[in-house]
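Remarks on the structure that follows.
Letters A, B and C mark the chains as written, and numbering starts fresh at 1 in each.
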Amino acid sequence: MSEPLIRLESVSKSYGSGAEPAVRKLTLEVEKGEVLVLVGPSGCGKSTTLRLINRLIEPTSGKIFLNGEDVTDVDPSELRRKIGYVIQQVGLFPHRTIAENIATVPKLLGWDKAKIESRIDEMLELVSMDPETYRDRYPKELSGGQAQRVGVARALAADPDVLLMDEPFGAIDPITRDRLQNEFLRLQQELKKTIVFVTHDIDEAIKMGNRIAILREGSEIAQLDTPEAILSHPADEFVESFLGSGAILKGLTLKKVRDIDLHQVPTLTAPVARDQALKALQDSPDQVAVLLDDKEQPTRWIDEKALNRTSQPIEKSGRPVTVNLQPEDTLQDALTTMLQSSVGMAVVTDRKGKYLGCCTIESLAKLIMSEG
Amino acid sequence: MDFLLSLLEFAFGRQEQVLEALAQHVGYVVSVLVTAGVFAIVTGIVTRRNQLARELALSIASVFLTIPSLALFVIFIPLVGLGFAPSFIALFLYSLLPILRNTITGLDGIDPGVLESAKGMGLSPLQVLLRVELPLAWPVILAGIRVSSMLIVGIAAIATLVAGGGLGDFIKSGLARLPLPNSLEAIWLGTILCLLLALVIDLILQAARLATISKGIR
Amino acid sequence: MSTISPNLSSRTPLSERLDLIVSPIFAVILGLIGTAVWLYSDIDSITEDILAPEKLQRQLGETLVLGFSSSILVILVAIPLGIVVTRKGFPRLKNFLVDTLGLAQALPAYGLIVIFFSFMGAGITTVIFALATFSLLPVLRNTIVGLEQVDKSVIDAGRGMGYTSRQILMKIELPLSVEVIIAGIRTAIVINVGMSALAFLVGGGGLGETINSGLKLDRGPAILIGAVMVAILALVFDFLSALAQKYLKPKGL
């Protein structure tokens, strides 16, 4: 196994004598290219641990190694220029433009002007913000979500190997937060940085982390493992209570629709004769059939009652298909969609909208149960 | 109306005198603002972390402002004689508080998230001070400089009483010659020129504000 | 503290305590300097004459009368005016005043006193009115700023509970801005006691006479002792006002 990129060896941090240590003899390794989430209740020391890595806080004892080198061997400011740092309040410089903000560390490192200019544009595009529009704006003109995107762009500007993120999406509304999380995961797939991510939100931890460290007071590790492992086998009562009720429901974000065995109901393709349709329905154990259009996209749910209403053409009977799922959606999305659908199951289509099958509660449950 | 005309006549008839007094007055404003400004800002920066030092500096500067202006002007005469020196010292001590207090308030008022991210990105403490803290505190500091400049203009009129020159000269000579002709004009001229000077300084500072403060924080 | 609006948001307990310690210390230091000068410098007959106790006593009395009369005058005008201007109907006037009153700090008190003299004649009354006019501006500004900084949500709550505008003024706004108003009064007193040193220019008496005699007759000790006396006086009043500021604050602030 290759050398872990970040290694904390028996690190402690206490403030003054008599007070409980914020971090107590923590030993932790972060593998290259992984997202390690530190999660725990308020005050457990997770932020402190994060800030030990870039020496915003100095350890009372123990050692921290970055890429094999002791971090205390380097001048702290120089160390931090090699590490990306994203915080909850974002902290963009209000008196500098977006471009100048992003250029901060490259300038400190002495990059030449042309390289910096192109890098700024590159970073803005990376976080889905049009460089032409945003380069010369000021932070006060941005929304919370946009500001944090720039915060991430700024942290990645000098192409650090390591990114430290302290509740980066904590101050953002839930809808935007969800979107940012998804975009960030996509980014990480592309960039494969080594990331230490702090959050107090267990759902965020499960979603974002390759491995999760659940921390107790004193930054003591209660369990360090993959999200699936923790969800299926919580180490003790503390972890269980931290996971909260519904560990199964939490696990729904980890699997995708493509893992489900899709159920196949009878499909009808217009134009279709009424008696043929009726026969197909009667022959199958399902109560509904799906009507496909000429592009094989599902348009309506057809049941027997609809077919018997001869006053209407088949293409207009039954109920319209309003929601659909795609293989990349999570099981959580599937459950939500199925509950919204008028027939208690949801169609699954590919990216182009072509019908693939149906997702039912039974098939969902089967998948969850099979993992044990 | 008559008086106004007579006032203008008086002023234009003595252009050299007016300009000299004006120049001396402006000299006080500029020399004191620069020296007291630098001193107060540096003091503010140096004491910003230590609460005791900071409150002490503020209290002392505040005492200077409490001491009556005439008293402060004359108290240094035994040490430095009459003229420019005691006037300068008194005005210097007076201008400290507004600038010092605003430097401290300005630096205190910076969003801690900005400071945290600046440090976390790898700016050294000096870089944080010069590139982040001072630019962000500058609008408030400039407001303090404005207050000090107004104070200086008003109080420098007293310099004439210790042979320090300035626009107060007109007021003094006017008073001495009352009710002779042109005495009233002299008094009003001295007073009004102070206000006009203040207006000009204010405009200059406003221009400075636009020029030196980033659009992002205006 | 003279013509600056006091920065109340940063009044920590430490700064309050220092407020009450530093002024007295300076007053004592000045007193020591004055005493040293009195004891160790060359006090010839002319100087003795300038510093004759009856003279000093009279001047002291005049300074006090001047200081207090003009202060009372200012308070009676500036505070009601400040209240009126901050009521609903005058936002533009209020903003205009706050901006220009900043400029008005450049008005030379010296010039003002002499101008008043030119049409009111010599004497203490002239100076009282001149000083009142001069210190009106900062006190008015402080009152406006002080009333403005009362937390709007508290006022809102009061209105929501059914207080009339008058009740809101009396029960919420004034009590919460008492600190700032007292600071304004303190400013007025300090300015007026201080500027009273100029009263001698127009026959208004005061301790400035001693300073002036010292200047005219080139007697250093007289200059210094006169200056020290008026300075100590101002510091004493500042100290007393600081005490008032501390103990008249409503509890809970």
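The working rule: contacts are C-beta pairs under 8 Å (C-beta built on N, C-alpha and C of every residue); 3 or more make two chains touch, one makes a residue touch a chain.
Please read these numbers as outputs of a predicted model, since none were measured by experiment.
Following the contact convention of this document, no chain is adjacent to both chain A and chain B. Relative to the whole-protein C-alpha centroid, the nearest chain centroid is that of B. The distance from the centre of chain A to the centre of chain B, with each centre set as the mean of the Cα atoms, comes to 57 Å. If you average the Cα atoms of chain A and of chain C, the two centres end up 63 Å apart. If you average the CA atoms of chain B and of chain C, the two centres end up 20 Å from each other.
For chain A, the set of residues that touch two or more other chains is empty.
Listing the residues of chain C that touch chain B in their complex gives 1-4, 7, 10, 12, 14-15, 18-19, 21-23, 26, 102-103, 105-112, 114-115, 117-118, 190, 193-198, 201-202, 208, 211-212, 214-215, 220, 223-224, 226-228, 230-231, 234-235, 238. Remark: chain B residues 51-52, 55-56, 58-60, 62-63, 65-72, 74-75, 77-78, 97-98, 101, 104-105, 108, 146-147, 149-151, 153-158, 160-162, 167-168, 171, 174-175, 178, 184, 187-188, 190-191, 194-195, 197-199, 201-202 touch chain C in the complex. Residues 54, 56, 77-83, 85, 87-97, 104-105, 108, 138-140, 151, 154-155, 164 of chain A are the ones that touch chain B when the two sit in their complex. For chain B in complex with chain A, the residues that touch the partner chain are 111-124, 127, 132, 135-136, 213-217.
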